[in-house]
Amino acid sequence: MRKDSVVVMVLILGLLASIGTAAPKPIRIGLQGPITGPWAYEGEMAVNSVQIVADQINEAGGVLGRPIEIVIGDDQGSPRQGALVAQRMVSEGVVAVISSYGSSVTEPSAAIYEEAELLNIAYGATAERLTERGLKFFFRTCFRDDRQGQFFASLVDHVLKVKRVAIIHDNTTFAKGLAEAAKRFLEESPTAELVFYDAITPGEKDFSPILTRMRTTAPEVIYFTGYYPEAGLILYQARNLGIDALFVGGNAAINDEFVNIAGLDVAQGSIVTQEPLPTDLPYPEARDFLTEYIERHGEAPSTPWPVYAADALKVIAAAIQATGSTDSRVLGDYLREGLQDLPGITGPISFDPSGDRAGAIYRAYVVDDLGQLVPY
Amino acid sequence: MEQPLLQVIGVRKAFGGLLAVNDVDFWVPEGQIASLIGPNGAGKTTVFNLITGIESPDAGKIMFAGRDITGCPPHVITRAGIARTFQTLRLFPNLTCLENVMAGQHVRTKAGLFSSVLRTSRQQEEERRIYEAARRCLDKVGLWHLRAELAKNLSYGDQRLLEIARALATEPSLLILDEPASGLNNVETARLMDLIRQIRDEGITILLIEHDMDVVMGISEWITVLDNGRKIGQGTPEDIQENEEVIVAYLGKEEEDFSWNSCN
Amino acid sequence: MLELFLEQLVNGLTVGSVYSLVALGYTMVYGVMRLINFAHGELFMLGSYLGFTLLVSTSIGKLGVVWGLVVVVLMAAGAMAVLGILIERAAYAPLRRSGRLAPVVSALGVSIFLQNAAMLIWGSRYRAYPVWAALDRRWQIGGVHITLMQGIILGVSIILMLLLYCMIQRTTLGAAIRATAIDQETARLMGIDVNAIIRFIFIIGPALGAVAGVMVGLYYRQLHFTMGWTYSLKAFTAAIMGGIGNIPGAMVGGMLLGILEMLGAGYISAAWKDVFVFIILIALLILRPTGLLGERVAEKV
Amino acid sequence: MEMVSEAKELPRRRLIYGVLYLLLLIFPFKAGPYWTDVATFFGIYVLLGLSLNIIVGEVGLFNMGHAAFYALGAYTTGILNTVWGIPTIWLLPVSGLVAGGFGYILTRPIIHLRGDYLLIVTIGLNEILRITLINDPWGLTGGPNGVLGIKRMRLGSLVINRPIHFYFLVLIVTTLVVVVLLRLQRSRIGRAWNYIREDEVAAEAMGIDVRSMKLLAFVLGAALAGIAGSIYATKMMIISPESFTFWESIVLFTIVILGGMGSIPGVIVGSAVMMVLPELLRDFMQYRMLFFGAAMVVMMVFRPQGLWPSKRWQLEMGRETEE
């Protein structure tokens, strides 16, 4: 008898205590990214970055008085896995998702989020067509490929002031999109002329046949929109074939490994068109963020993308705070019409009606004599 | 003399510069046991392959049951009624004996993709027929008790018998046996000869390629002799044993290659 | 125009001779064991990485270009030969009597294993061979650009292939290999130690692959753990083109593949190059079902 | 048919399979949408494995380019739906027909090639198709981006869009395919395929039209892969060439060999190994694929006949160990 009543008492007390001290239910926000697989380093940096912003928000009292909890989903950089993760995010009942890195993964995921009417914001998916389909719940904090292509065309016209341009891509979604955009804008250029346009196969090593053919068109600038492993080889082999045209890479083409592969003396002077690196962002938010990131992880993020993921969380938090709602429809409407120049790490954030981020910031960097990227 | 069931007329086949078969004419009378003999390299196997459609002749004609089968693919020739066994055994090693023999019925049945999937009553009836035919043929060679055994687990002699059963299952009018006695012991050979006679008695014409002269002379009713790609003799066993050219051809050969009585 | 073509031809032959060296490993294993050794490309890759490590972390490089390279190549080749034998023991020997396809899957497993082992050892980032100024020399002969490294690759490959060819055709060991390739059982009956022959094949193939790996590393300078797979597929294609199991066939097939790729990328479009190569391959096989030099082995009936 | 031991065993086996199937029917109601989705993709792989098993397992043809047919089905559905607005439910059979038709046209000239020559040619076909899809020759395939905006299937008023719908769609199709294959295995056609696998020359001498039978297997396998591709396309709503690489073909090939050639349960086990094992090894982090590769070797070395070989193989292996 007594034993039982003690048990009951304890239970009731426990229950009361748990109600009394119960933390407010957290707001769960999904982060879908390539945690493993070939882009694992991107996924890892995205998680780090988003966590920093989440912690900052929670320290400041959360959103609507509730803390933010990040639910991580690993899409491995594969479209099929992306669809699975999206399905899980939907069934886990998160209020919004930061998703994802890579257009081909983001696309099927976005389709599932659209069907489930769940707000999703991409941070590393730059294909133009993502926002050309009238998706209601898709936004992105990164910029579209065509803006970079446009930037390259204006770089050719106004800064480099050259006439003969060769463009090479590698037939991946991203590289081909960028190459096509650059081609489109170059064709409108009054002075510059596209003299060579072809694609290589990623993973191969010998590009001399295509370069030998390109040499006959005597380009002054080579714009390679693919990734750094091939970029390094192309530049090195071009020089061996006696091609001395200026080498310009898209935002995936040039990094320290590119310099390594091509060799410093060859790589020096190459130019890259890209979003400003986190270390070059002029905003106070960026400085704070970077300080925190370096403190936690020892070095700054090596690519631009993780910061866009962090900004996506800022956007979601701001929308929930402003509308007092976690309904994706309300949040989506707010992002389209209400949100104006939210101070993000990557600058002021607003969205146009299609879900694209308004404005664009691109920079040209050049490889200096130490192999570092410095503003051009 | 019987009507010829198979007629080979002026057939020629060359491999590269080598003339393997040169203007060979011969026939096989219906309802008899005929043999094709000759020293190694005489062109027997090539003639065989020409008849069964594995190779097609450069010149000449092959008539079977009044039909021109020259250059037809093997499966058409089998359908026309010629079945064969192989000198080097060619069973389906990982299938059961029953399944091996059922293969023979393939040409005698028709069920296609759709009737097999839908299991039409016609297809079911056909399956029963295939099974019954296979059973009869296995029974005939005395292997029914081994029906569920994999072919490769059979003894060598049984494998030879299984090949014959499989050939019989195609319901042939001409059965071609390529050295069926090779590798068999005396008891097995005797049993084989009985079996061959029994098959003949059921109205199936038999053409034999055989090294073992006891077998050839013991059961053949009609013999064709090849040498160097040419026919050098044809007739009853008695005719052949007296044929000068044949004797010269064989005596001229080395002992190990061929001898009349070495097999004893 | 002619200079351009000649230059492309040199490009094609350089790539092609690397394909040939790797294809030889494929074709010899196939000839003796009827096995498509999909893991062979990984030995090429490991050889390349090993050369890299030897050059970067030891003082071998100080021996000078010529002796330094000779030592590196020999060490890489030796190490890969040992690895080749180990792989044969572990993954293929137990499967010698298990049909044709089980060993292929086993080879794919080995391939995945070695790729990931390389990733764990050398990291998933790209590595670059050290710059060796002496090798960067290049000439322009009548408008044709040629680098020293291209010359080395072509020369070394051709010498190795000639040596191998003579060994196969002229020596007793070569005769034993040829006999084993025709019929293992008969070779065994004739007193040939078939196991020893197989072991020997797994020494020569990987060793040649390792030589190719080091040369590729020096020529392109860029290393990645996935590169073995790309070369594996190319070498297999080359071996098939020449007639798999046929040693001169692998040499011819590799060169032909290199030249076809050059023609495709240089005169049609780099994006369609592989389509061009495969269409030629398929057309070739429709006309000659056993490859360019593959002997017509008539099925014995 | 007479197989004495089998006759006794049959009721028990039927019961086991019946219970397992019942579990499959209940599964999505208990498992939640995520696991239902996982099961759906697993089912698509089983379907692909079964289709390849006809070619590799039953007939013994080396096909390492099966993803090409899978792609053909997916792109047929994608293109016909997005360009001409044909409802995807009709495209399910159409994709099968188109993939089967291409299977016929593509393999007809090469069907006579033996073993490894066929292997490289099928790899070549896979690569040719993939590169063509990427290069987007007539603006139909969307290049590397692929085809997007593929509509869901609609059955009357039911839109097949929830995980559970897809689960049952795949389950129904797979069940049908298994029934078809079981019946074929025990028919004149299925036996003819096995005869060809065992000894092509002997099969031909038995009067089997080897060429036509091989083509039939290729067409049927391609058509089933096309249907799997069609389901995949409506499930993903977007398809791109990177889902149909040579690597995908290798995975399918491995599924068939690992499971056991010519064995239907083998394909299911093989798919499970290829899909589930990497997930189970997740805890090993970067060592994951290292273990996976080693596991492939170990499985083949210890079970060269496959994890769940067809009955005949078991019979044979049992005998061999007795000897």
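Letters A, B, C and D name the chains as they come in the text, with residue numbers starting at 1 for each one.
Operating definition for what follows: contacts are C-beta pairs under 8 Å (C-beta built on N, C-alpha and C of every residue); 3 or more make two chains touch, one makes a residue touch a chain.
Remember, it's a predicted structure, so these values are computed and weren't measured experimentally.
S.K.: Based on which chains touch which, give the shortest step count from subunit A to subunit B.
M.R.: Minimum step count, subunit A to subunit B: 2.
S.K.: Based on mean C-alpha positions, I'd like to know which chain lies farthest from subunit C.
M.R.: B
S.K.: Report which interface contains more C-beta contacts, comparing C-D against A-C.
M.R.: C-D
S.K.: Identify the chain whose mean C-alpha position lies nearest to the mean of all protein C-alpha atoms shown.
M.R.: D
S.K.: Between subunit C and subunit D, what is the separation of their C-alpha centroids in Å?
M.R.: From the centre of subunit C to the centre of subunit D is 33 Å.
S.K.: Between subunit B and subunit D, what's the gap in Å when you average each chain's C-alpha atoms?
M.R.: 41
S.K.: Whole-Å distance, subunit A centre to subunit D centre, using C-alpha means?
M.R.: Each chain reduced to its C-alpha mean, subunit A and subunit D end up 36 Å apart.
S.K.: At which residue positions does subunit D touch at least two other chains?
M.R.: Residues 134-135, 201 of subunit D touch two or more partner chains.
S.K.: Listing for subunit C: what residues touch at least two other chains?
M.R.: 271, 274, 301
S.K.: Multi-chain contacts only, two chains or more: what residues does subunit A have there?
M.R.: Answer for subunit A, listing residues that touch two or more other chains: 171, 199.
S.K.: In the complex, go through subunit A and note every residue touching subunit C.
M.R.: Residue list for subunit A touching subunit C: 38, 171, 198-201, 203-210, 212-213, 216, 228-229, 232-233, 236, 240-242, 257, 260-261, 263.
S.K.: What part of subunit C is in contact with subunit D in the complex they form?
M.R.: 30, 36, 90-91, 94-95, 98-106, 108-117, 119-120, 233, 236-237, 240, 244, 271-272, 274-275, 278-279, 281-282, 285-286, 289-291, 299, 301
S.K.: Going by the contact rule set out above, which residues of subunit A touch subunit D in the complex?
M.R.: Those in contact with subunit D are residues 36, 79-80, 83-84, 87-88, 90-91, 103-104, 107-108, 111-112, 115, 127, 129, 133, 171-173, 176-177, 199.
S.K.: Which subunit D residues qualify as touching subunit B in the complex?
M.R.: 1, 3, 180, 183-184, 187-192, 194-195, 198-199, 201-210, 216, 220, 312-313, 315-316, 319
S.K.: Report the residues of subunit C in contact with subunit A in the complex, numbered from low to high.
M.R.: Checking each residue of subunit C against subunit A gives 4, 7-8, 11-12, 14-15, 124-128, 131, 136, 138, 140, 145, 147, 216, 220-222, 224, 226-227, 230, 261-267, 269-271, 273-274.
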